[in-house]
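You will see chain A twice below: alongside chain B first, and alongside chain C after that.
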Partner chain A sequence: MDGKQAVDILLVEDNPNDAELTLRALKKSKIANTIIHVHDGEEALEYVFARGRYEGRDINSQPRLMLLDLKLPKVDGLQVLKEVKADPRTRLMPVVILTTSKEENDILRSYELAANSYIVKPVDFDKFIEAVKELGLYWLLLNVMP
Partner chain B sequence: MNDTFPAHDETELEKAHRLLEEVEELSRTGGWEYDVPTRHITWTSGVYRIYGISQDFDPDNLERCIGFYEPESIPIITEAFNKCLQHGEPYDLELRLIRGDGRNIWIRTVGRATRKSGNIVRLSGDIMDIDDLKRAQLETVRLNAELERRVADRTEKLERVNKDLASFSHAISHDLKAPLRAIAGFSRMVAEDYHDLLDAEGQRMLAVVSDSATTLDSLLTEILNLARTGTTNLDRANISMKEMVIAMYHEIASIDEVSTVHLEISDIPDCVGDSVLMRKVWGNLLDNALKFTSGRDLRTISIYAQTSVGRNTYFIKDNGTGFKEDFKEKLFLPFQRLHARSEYKGIGAGLALVKKIVELHGGTVGADGKAGQGAIFWFTIPLAPITIDGGL
Partner chain C sequence: MRIRSLLSLMFRLALALTAALLIVMSVLIARSADENRDAGILAKIRITLLERLILRSEIYIYYTDRAVNQVYERSSQLEKLLAELGKNKTGEAEASILGEFVRENASINSLFSKLVTFMQNSLPRQVTSDTWGTYEKLLFNQILFKAYVLSDDAQRLESINRARLDVINRGIAWLYASTLFVLLSMIVLSYFMIARKLATGIELLGAGMVRIGEGDLDFKLPLNTGDEIADISNGINQMTTSLKLSLVSIKELERRVADRTEELQNSNRELEAFAYSVAHDLRAPLRSIDGFTKILEEEYEQVLDDEGRRLLKIIRTADQNMDALIGALLEITRIGKTSLSLQRVDMRTMATTAFSQCATPEVLSSFEFVVGNIPDAFADPLLIERVWVNLLSNAVKYSTPSTVHKIEVDGKEYDDMLVYSVTDCGVGFNELFVDKLFGMFQRLHDARDFQGSGIGLAIVKRVVTRHGGTVWAKGQIGKGASFHFSLPGRAL
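Entry: the complex of A and B
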């Protein structure tokens, strides 16, 4: 995880269990090579905008996809989304919301803020892998960025 | 009152006068006249009675007459009288008067102008004692306002409680889901990574953990669904029920079921409703019908409707396992199951959701069935939308 290498996925997730399950699913999907895991909204913004803990990181090298939990400590997910989508340097980065339920009001709110998609964190691990695979295929293969 | 019947033969004029007296007294009215050229004012005795003053009073002074009105009413009657006098505009007002005995009463006062060769020569009108009526009317208005205030109060309280409950179940379900994900996910990881270290019994036990987590997850999802339904307003539109049934059926039924189950759909009428919610109604009913016919060789599901005064009733009939009549009451209660979980999947919230949605649309639900002889579920939707949370 040295900042020079191109990152496939930035995972923003504070719950360590959810993070472990997501990372495992992502690795099993064999699509994403590099995954960066940050633990709160503030760290996510620092990473993306190359400041604070990530001062000096090449801001032109952005993750291909951000997987963003909405309920985050310090800076919440919607705020992260808002800032990422407001900055011309990052607004094209696909952001996929991680959510507990597909009927959250937060999903509507996040679509208003130009989230690209959402994925429900299911207890069913198979479905989770499937969903992440689909996302991976979609964003990282079908929709390859320059 | 003139209680004594006239002893002598009265003239026509006397008779007319007596009748006027009687009518005025019975109807609590009085007449007046203002002669414009002479400024002379005449009252009938009814006016004296309403004003509560003796016949000795000389009304022949406009200001003195108007002086009986309550201070707030004086400018109103003065303006109306002047407009009538100058422009011939009639008036009809409800004002307050202070009687000679000091009693404050509501009266209705009406005035109009009479012209002669284009000039206003006379104003006339009547005064009615409407005190009882007006007080009753005001009391009704006050009671209504009081009632509305109380209803609004109560509604607000109930809405708050409802909202609290909804957000409570939301928070609970939400918070419970995170550890649940870990239980399911990590037991899966154990099953995958430590498969070789577990004997058959160990694997069975792990599967129980995993299945229980899945069940609990469905349960939480249903609680969330039930809690959320009805917290937002219905988004009403015209729904083609037949199209919706066909679409939902193909969404729910497996490919195998689509080719083997005999589905009959009559030309059921459209309805006005919330399409997202209505999809859940059909989804749950169709799912039930498919579930409970699953053991049959020849599976039949028919959907039809009846239109009666003010409502459509939609029926879904199957030839499945049915239910004991005693269970009819329990069917639509949340989390009641009539069959063992091992027999049929599901946690028993589907029909509760159907009931809640139909009731939000102002309709009712019901079911008929016998054990082993299929079931008929029905729900009604009013033709004219009813809002159950509307005003009085």
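Entry: the complex of A and C
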């Protein structure tokens, strides 16, 4: 990936199958051109704040959307969300929680930490494609950022 | 000392005192009567002596036979009185005075007899004192002298008698005084020994009972009095000891019940959390299976033949069925997890809305749906809605093959219960298996005929039970079924 080119979507997902399905669904909907996939919370933070493995990346060029799973190795999704929303350089980046958890607590915590949306991954792949298409359409095309 | 023995002691003391008093009193009264009688005799003696003296003086002045006879009469009377008096007199002084009296009297009598004989011999001359000779005068003087001695003796006897009476009267007065004193002492003694003992004992008991009643089971009543109060105190002390023991075991039991309840709640919570996380984790591979099967279907369409495509369809259907099952399982655990938010629920509107959700409008339009004027309930609206949706979906599902498409919803208010029912004219069920109906994953019909997770009625039962109600069902194969549930009719 070219670090200097603006990225459309940062996908944070540890499950390779889910990641592949999400990537396919995004490709199928033909909304995003560049998608970065990171495998855990730590890598996500390193990417966003241009440190560690992503040292030297232009911090001013941030993804237009972050798709964030909650159950992640090393640093969990809520912690990533918290740090992203706490930093003035990244707090405006839309973060959509894309997870299997329907737990009331997870939903509540995510919105408290200023998640922009919360989507439960459907099992039915047709519905999943539909959901990804809609969220990409909304956050990348319809939503107007300041 | 024991109160009973004190009381008996007091009683015996009073009896003995009364008896002694009676004996002493009767002796004193008898002696007083004796002395009084003697006083009467002595008074008569004195009067007789005086009369005799006067009669003799009369004879001295003028001798008459009548007077002489009267003197004799008085003398014999005097002897009788003396004899009577002599019977009683025991005192030495009295006896000697009486002896002297009798002797002197006898000598007077003999002197008088001599005087009379002498006088009679000198008759028939008129005898007066002027005519008396020297001998007669001497005789008479002697008689007079002795008469004075007698009178003196009588006076001495009378004074002894008076002194005796005085002694007896003083004795009676003393007896009265001492009786009064003893009586007073006994009253004081019985107050201090019995009444005060009882009163303070009962006060102590009362105060102790108040303390014990307030829950101070370590309090011990004093036992140092050694009487019946101490017996009662001892009994109460034993009672509080065993009460404390049973209280300890009750507390121990309560603690154990609380411990067990907490353990049970913990393991229940763990189990629910486990089921919840398992259900979530199961969904990830399901999603992969469905997703990749779909990709296979789409991207390898050319490679697959019809059978291949049919098999992929089966995989996807099974996968989605499993997803539905997991969804139902999650729903069941969620019913147990969330706390009830009870509020007034318009059951009529809710049932109507639920009916409109349980199938496509085309299917529903073939149904006759009747909702009676059912009462409002006090329940968690989100959970109760699941009950209506499940019951009505079942009714629609199992009515579809039947010719009669009619579903009735009814509800009635009983004393403290609300009972609702959903009745259909569908395929019904065999009542032999009614117990299995509300179990999890239990199905009475072939899955090929009727689709479903087999968990709908389990959800119904769980929701109703959580509200404190019950569920039951009636049915007959081919003639329809009716499902009932009750809810507590409180706080409406």
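Quick notes
We take it that the second predicted complex is superposed on the first by the 139 of 146 C-alpha atoms of A that agree within 3 Å, B and C clash if a C-alpha of one lies under 4 Å from a C-alpha of the other, contacts with A are read in each partner's own complex, and residues count from 1 in each chain.
Simple rule for what comes next: a residue touches a chain if its C-beta (ideal position, glycine included) is under 8 Å from a C-beta of that chain, and two chains touch if they have at least 3 such contacts.
Worth saying up front: this structure is predicted, and the values here are computed from it rather than measured.
Once the two complexes are laid over each other on the shared chain, residue contacts for A:L21 go to chain B and to chain C alike. In the superposition on chain A, A:T100 makes contact with both chain B and chain C. Of the two partner chains placed around the shared chain by superposition, chain B and chain C are both touched by A:K121.
Legend: residue contacts after superposition of the two complexes on their common chain; A:K82 is shown touching neither chain B nor chain C. Comparing which residues of chain A touch chain B with which touch chain C, the overlap comprises 15, 17-18, 21, 24, 100-101, 103, 121-125, 128. Partner chain A is touched in their complex by these residues of chain B: 173-174, 177-186, 188-189, 213-214, 217, 221, 224-225, 228.
Within the complex formed with chain C, the residues of chain A that make contact are 15, 17-18, 21, 24, 100-104, 121-126, 128.
Looking at the complex, you find that chain C touches chain A at residues 276, 280, 283-288, 290-295, 319-320, 323, 330, 338.
Remark: chain A residues 15, 17-18, 20-21, 24, 100-101, 103, 121-125, 128 touch chain B in the complex.
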